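I've put the structures underneath this note.
After this come two complexes, each holding chain A, first together with chain B and then together with chain C.
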Partner chain A sequence: MSEPSRSDLLRPFIASVARPFDLRLAGHLARRAGFGASLVARKDWVERGVQFALQQVTTRRPEQDLDPLLADVLASDDIERGRAYRLARAVSNDCPLAERVAMFWHDHFATGQQKVQSARLMLRQLALFDAQGLGRFDDLLLAVSRDPAMLRWLDADRNVKGRPNENFARELFELFALGRGAYGERDVQEAARAFTGWRERHERFALLRQDHDAGDKVVLGVPGVRGGEDVVALAARLPQSMQFLARRWLQAFVHPEPTAAEVTALAAEYDRQHRDVGRTLGTLLGSELFFSARSYRSKVKAPLDFVVGLVRSVGARAAPSALARATSKLGQVIFEPPSVEGWPRERAWLNSATWLLRANFAAALFGERDGYKLRPGATAVLADAATPAARATLAIEILLDGDASPASQRAILEVARRSDAPSSAAAILHAVACLPEAQLL
Partner chain B sequence: MSTRLRQLAFVLCVAALSPAQSRAGSAQPWDLAAWLPAETALLIECDDLPGTVAALRRVVGRLPPRAVLAEVALAAALKLQSGHDIDGLLRVLAPSKVVFGLALPPDGRPLPILLTRLHDVEAAREIVDLVPHIGAEFRDGWCALFPDPASLTRWRQCMANGPRMSAKHDGRRQPASSSTGLRLFLDLALFRQRRGSSLWAALDAGARVLVGPLVAALDTATRLDAEVTVQGDAVCVRGALDATALTAEPQRHLLACGATPRPTIMVPSDALAVVRLDRSLHGYLSNLDALLPPAVAAQVRGEAANLDLIIGGGSFVGELLSGVGEPAELVVVAAAAANLDDDAPPRPRVELPGVALVVRVDTERARELLTKGFYRLSAILAAQRAQRRLPPRLAQRLDADGLRLHVMRGIAFQGVGEPPTDEQIEATLLFGAGHAVLATTPACAKQVYAALQQATADVVVGDEVRLFGPAIAAALRRNQSGLVAGRLLDEGENPRQAEAFVRGLIAAIEMAAELRIGVVPAAQATTFSVTLRRAP
Partner chain C sequence: MRAAALPLATPWLRFAADGDDACLLVLELEGGNDGLNTLIPIDDPTYARTRPHLSSVRQGAHRVADGFALHPELRQLAASFGDGRAAAVHSVGYPNPDRSHFFSRDVWHTAAVTPDAVRMRATGWLGRAADALVAAYATPIPAMALGSLSLPLALRGERVVVPVLECMEDYALHGSGGAGSESAMLHAAALAGADADELQAFVRGVAGRAIADAESLRQVLAAYRPRAEFPGGALGDALQLASRVLVSGHGTRLLHVAFSGFDTHAQQLPTHSQLLRQLDLALGALVADLSAHGRLDRTVICVHSEFGRRVQENGSLGTDHGAAAPVFVLGGGVRAGLHGDAPDLGNLDDGDVRSRVDFRAVYAALLTRLGISPRPVLQHDVEALPLFA
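Let's look at the complex of A and B:
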């Protein structure tokens, strides 16, 4: 039996003279699939072509530098260290999609330290996303359902036989797998029974038989459901789940308001890929849809995108603990999503106050203040440009892939001309980071 | 380091590499007033830089590495294309005397001045001419170097406009008597004038307790004089401030013993550090209104009231602190040896050293309140742990090795993998040898108790901090990954850089057998000393 064909919307992007895979599109891929990439890397991608670039962002390499660090951070049981660890990964990883997807799932399965009260459990939940975030969704959903942090977050310890607590079952359907309207109240009540007795004990999942309701349940119209595993498997296989996830991925990677046709196309692709997240996203990132004008700069950067993006774009390293504090200050506190629905999105991130905070952050980062310890510093970043005009051009190329409006270019050139030589690099990079274009993903 | 600073460093490197010069030249009197403006706030004089560096090198071993200095000098010589070989450069620039001055002119910008006594003025002029952006003034066989021509101009204005070196430097023109000939003078009155506010005002409540007496002296002293000496395997900086906390109001209340010598406990054999601050918590809490701003005093008073409750309704200040012999001593010892049995529970990844606070107990009432407070505190901490969904650690009596200890102990860690670092903390209270020991682990309490039982005739005056390099290095080496993690997260280094830094840090610490810092208040002055003794 032949596999269903891929939707035309997701046909592979093929570079042409009319639509070359240029620095703009390389930057687009770097920002959306990861958290940005250095100009050197982006130019290399342009040189070697889109397939090479896709391979660079989607291939998981053996974890390099930072995995041993996790053990030390776990030992500290300190949520601030945990945040710094995640920032360190975001800044210095070389598997951008895995990192991006881990943070996507952190938003999707929004779990907060304030209630979990364990940095170790929060870090391990993120480690779960690192390990399984690009695998089959069925497996991920089951793992999350048994994740100790999630069990604490959604009150598993109150879910006992005869007095089921519906928190987890409701969020499983509404926020994690199906979306609103795809289930009824009776489904939630029956599913909650299936999850009774699921507990966190000593940082592990445990099934307390005495608290578990082992009777048959009818969930989503299917009789004979026994345990939580059955509910998870059932939900993950439903077409509504595929549509729900496809919409979320399109919102995260392509456009804030995907069309019905786009959702249907990606849901079909997800089904075709046997609910494998990595393969589905690989197809999406290599598609015409992803590189379309509709997608390009159609999203607003979240604080994490902005903070990490600046550091990665200039090809530098910086102090992760300071970057974590900056991200929190800009409104995105890792491990503390504001609600079970995760963080606000798109325009909610930007207003006059947050823009000012972003501008101040960029000034401190490039001005080497507030402990960000950017290395190499701003001056070295623009060292190859000898004249003010060359410095302005290079800064726009580094932070905006050379794609800025004429008005923005004039403004940056003006900054470059009036800045003193020693401070000009920081001033120019700061000015570029404050442009409207720099707030877009 | 900026290019200009490197250039100045180069000159010093060359000087340091030169063969030892005759001390005869350095003994010649010289006129500071001709070179240094009245606003000179910091003065470092070295009569014999090569000799000083050689003496310091005897103590600190390979630091600074001579090979590196030679490379710097050679590279700089090549870069300058001066036509001199390295020996020629040494002959030209090797000074017998070097003076570094930092002036604080009224314009607010610090003005650094480097003075060297030259051997070949003309050759030195040629070399300095080759260094771009540097400012230099030659006169009477001396050369003054500035980081840029603008600084040279500012210096000339200072020398022309105002009175020159004031009388504050008089009497300090003779070579030092020490083997190093390195002296430091700080015009604290001028610093204070430029700063415009007292250091004391900038301290928060905790810092006022810790460093308040020293800061009080710094805030009122007009000058600080110090001298570096090398004796055998130790290098020592000794100095004095012409003010004392003994008469400073209200800071004198922070002192428990003042200028009176007090006995100390024996340093445990595996100690990493001993901190002996002459502080009186009783004096602090009894004079809050004088020592702190009103709002902060009210806050601290509230916290002290909570302490009254914790100890069971007695008076923390009036009964407990009055019943102990302040000051307390803080002792840090290496963690107990790991149990390597196969069935031993997993140990935390980061090994915390034991920390103990030791204080003499004079009254039975104080002992009773300490014990009661310990048990009540364990109940409070248990409630806080419960909020974090952690099992309680309740205080319990533990009889071991003929000792009765009170230990906050809970169930063994049953989570995944290595336990969190703070799992190894088991707060312990022990009474013995007339003292109370409050420690982070029973093992630490017993180690300190063993030291308490040793008779010692040692006394101390003022503040003393002793750090033991090899023991600290060994402890750090066992916990390197934690330090590397800190560099990765707080400095943004990559793993290779972080590991190199930590290795270097440990190696440097290991070289010092002991670093001892002392601050002693006297009737009219405060003396201080920093002694670094090299490990064998």
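Let's look at the complex of A and C:
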């Protein structure tokens, strides 16, 4: 039997004279697969081609200098330090996709500190996403189902034999694996029975036999289901699950409103890859669809995209705690998703207050106030540029891959002409960060 | 007419000309405020018996009604009762009270009736009220959370994203040289972008509104001068910010401020006194400031907590999580004095004060006072408590 062939929608992107892998597309890949990259790195990608760039964003390297920091943060059990740790990772991690995907799963499996009440457990849940976020979904889903923070979050301690609590089973189907409409109330009730006795004990998973309902259940039309692991395996194999996840990935990586054909194509690819998340996303990121005009700048940056993106693009240095605070202030409080459905998306991030806060964050960052410090090189290249026009062009390359509308270019040129050294670089970069293009992912 | 003289007025200013612009400030005491040591049943022998140590607050308490006195630190609040500007509702809670901070707070914030709906944490009552205000008046920022970093669930709406302001400087466009260094060139950049791109047009629209709002807000707020002395500290700062917003009358009608630290399981007396002192100074300044600006009549302040505390004091000179507790309401049009049924310490709900007034009846009264129909906001028919004249 031959392997089913890959949908034409996901055919690999091949650079050509008509459609070169240029700075625009390098920036698109850097923003979507990770949280942006320095101009030097992006130019290097353009030089060496799309395959090299894809390898750079998807290859995992050991996180050498962050491990001692994590141990320290875990010991402190301080949620603010935990947030700073995640920001430090997002800014410095050399495997952008792993970082991006960890935050994707944090949104997907939205668990909140307010109820979990343990920075340690929240950090360990994120570490689970770091370790398994690009593996097989079946394994990830089972690990999340036994994750101590998740057990606390969805009331595992209230789910006992004879008095099942449906909270986890319902979210498993509705939000984690299948989506509404793919299951019935009876399935939720039966699945809840299968998860009875799954508990968090001393910050570990434990199965309490006396609370577990070991009887046979019928879930999603399948008889003979016993434990929660059976439910997880069953749900992950369903075609509805593949469609559900494919849609989420397309929304996160390609376009806020994927077409039915795109969902079907990616679901088939996920199936073909034996439900391996990393390989499925690898195909997606290397596809024509990913690099298409429909995908390019079609999404609104979340606060984390905006904050970390500016910092990485210019190679700024900043206390991770200050960046964590900035991200929280813009509305994205890590470890505190606003509801079980995760964070708002796309246009919901932007209103007049949050736009001002974003612009003011850029002002502080580039003005090197509030503890932000730019790497000397970042402003030096701008200062070295001979003319205002050259400075404007370079700033637009640094933050927008050289791609700004004529009106935007005129506005930036005007700023470059009117502002004098030494504040010139800061004023120009700040103005670029205020352009409409700078809010788009 | 003022609006006609300002043809280019932004929605902030235009809204100020609209009719009834009563505003609501919800001040939440986080952690479970001890209601019995706040509004003290001063003559109740059961109170003294169950709280042999903690009942010492009767000394110096301010009698506000027959049998009830305010904690000694609540001097200005007691004066407001004397002036006929303050009311308290006894025994406010909800059926089947939950003793978890997290869950009980979500009950108050969502005002949802079923536990499952509470757990969904979809929207909050003030967020839904903000949605209603936007639908009716197209006011750009109907609600704000002040003095906190993240948005309280109460303010989460379906249509409106409510801003969170730590300080007023957040609501102005800064230049890279710091506050006050922004320029027209920066506005031009914010309003650039590609003409034909729909998403960029959306961003441009948001930026344009932000710049216009910030400018009109700056003008309006520049006129504000405090007419009372606010205490330092987070609560004083937040309430002064609230006063600026309320005095300016620019269309923000719902404010939420949280004040934490009330989870007094041990050595309660000094902690609770200190908290109530801060509360009284800040709240007193707010009332004085609003009054001096002629704004108090159109402002309602509601002070509540997620639950009260156990009647019996514990072995650590503190109190554990309880159930019903008094809610305080101050400001314009309030029927002063005590409302509802006083706590009956001889008839408890598992050791706690029994709920006799559903908090949603208080919400319904507040919404009605604001001219917002309670039914769509509370999503059930709730009879409003007759709190306002």
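Annotations for the structure displayed:
Note that in this section the second predicted complex is superposed on the first by the 431 of 441 C-alpha atoms of A that agree within 3 Å, B and C clash if a C-alpha of one lies under 4 Å from a C-alpha of the other, contacts with A are read in each partner's own complex, and residues count from 1 in each chain.
In the analysis below, contacts are C-beta pairs under 8 Å (C-beta built on N, C-alpha and C of every residue); 3 or more make two chains touch, one makes a residue touch a chain.
Fair warning: this is a prediction, and the values are worked out from it, not measured in the lab.
Superposition of the two structures on chain A shows chain C clashing with chain B. Of the two partner chains placed around the shared chain by superposition, neither chain B nor chain C is touched by A:A15.
Residue contacts after overlaying the shared chain place A:A411 against chain C, while chain B stays out of touching range. Judged by the touch definition given at the top, the superposed model places A:A233 against neither chain B nor chain C. When chain B and chain C are set side by side, the one touching more residues of chain A is C.
In the superposition on chain A, A:K373 makes contact with chain B only, while chain C stays out of contact range. Judged by the touch definition given at the top, the superposed model places A:A348 against chain C, while chain B stays out of reach. Applying the stated contact rule after C-alpha superposition, one finds that A:V160 touches neither chain B nor chain C. With both structures placed on the common chain, the touch criterion links A:S76 to chain B but leaves chain C unconnected.
In this superposition on chain A, the options for chain C are 20-28, 254-262 or 272-280, and chain B clashes with just 272-280.
Across the complex, chain B is touched by residues 65-66, 68-69, 71-77, 81, 84-85, 88, 91-92, 117-118, 120, 124, 152, 202-204, 317-322, 373-375 of chain A. Chain B contributes residues 348-350, 387-389, 414-422, 481-482, 484-485, 488-495 to its touches with chain A in the complex. Interface residues of chain A facing chain C in the complex, by the touch rule stated above, are 114-115, 167, 297-298, 300, 325, 328-329, 331, 333, 336, 338-340, 344, 347-357, 359-360, 362-364, 366-367, 369, 404-405, 407-408, 410-412, 414-415, 418, 423, 426-427, 429-432, 434-437, 439-440. Chain C makes touch with chain A in their complex at residues 102, 119-122, 140-141, 149-151, 153, 156, 161, 163-166, 170-178, 182, 185-186, 188-190, 192-195, 197, 199-204, 206-207, 209-210, 213-214.
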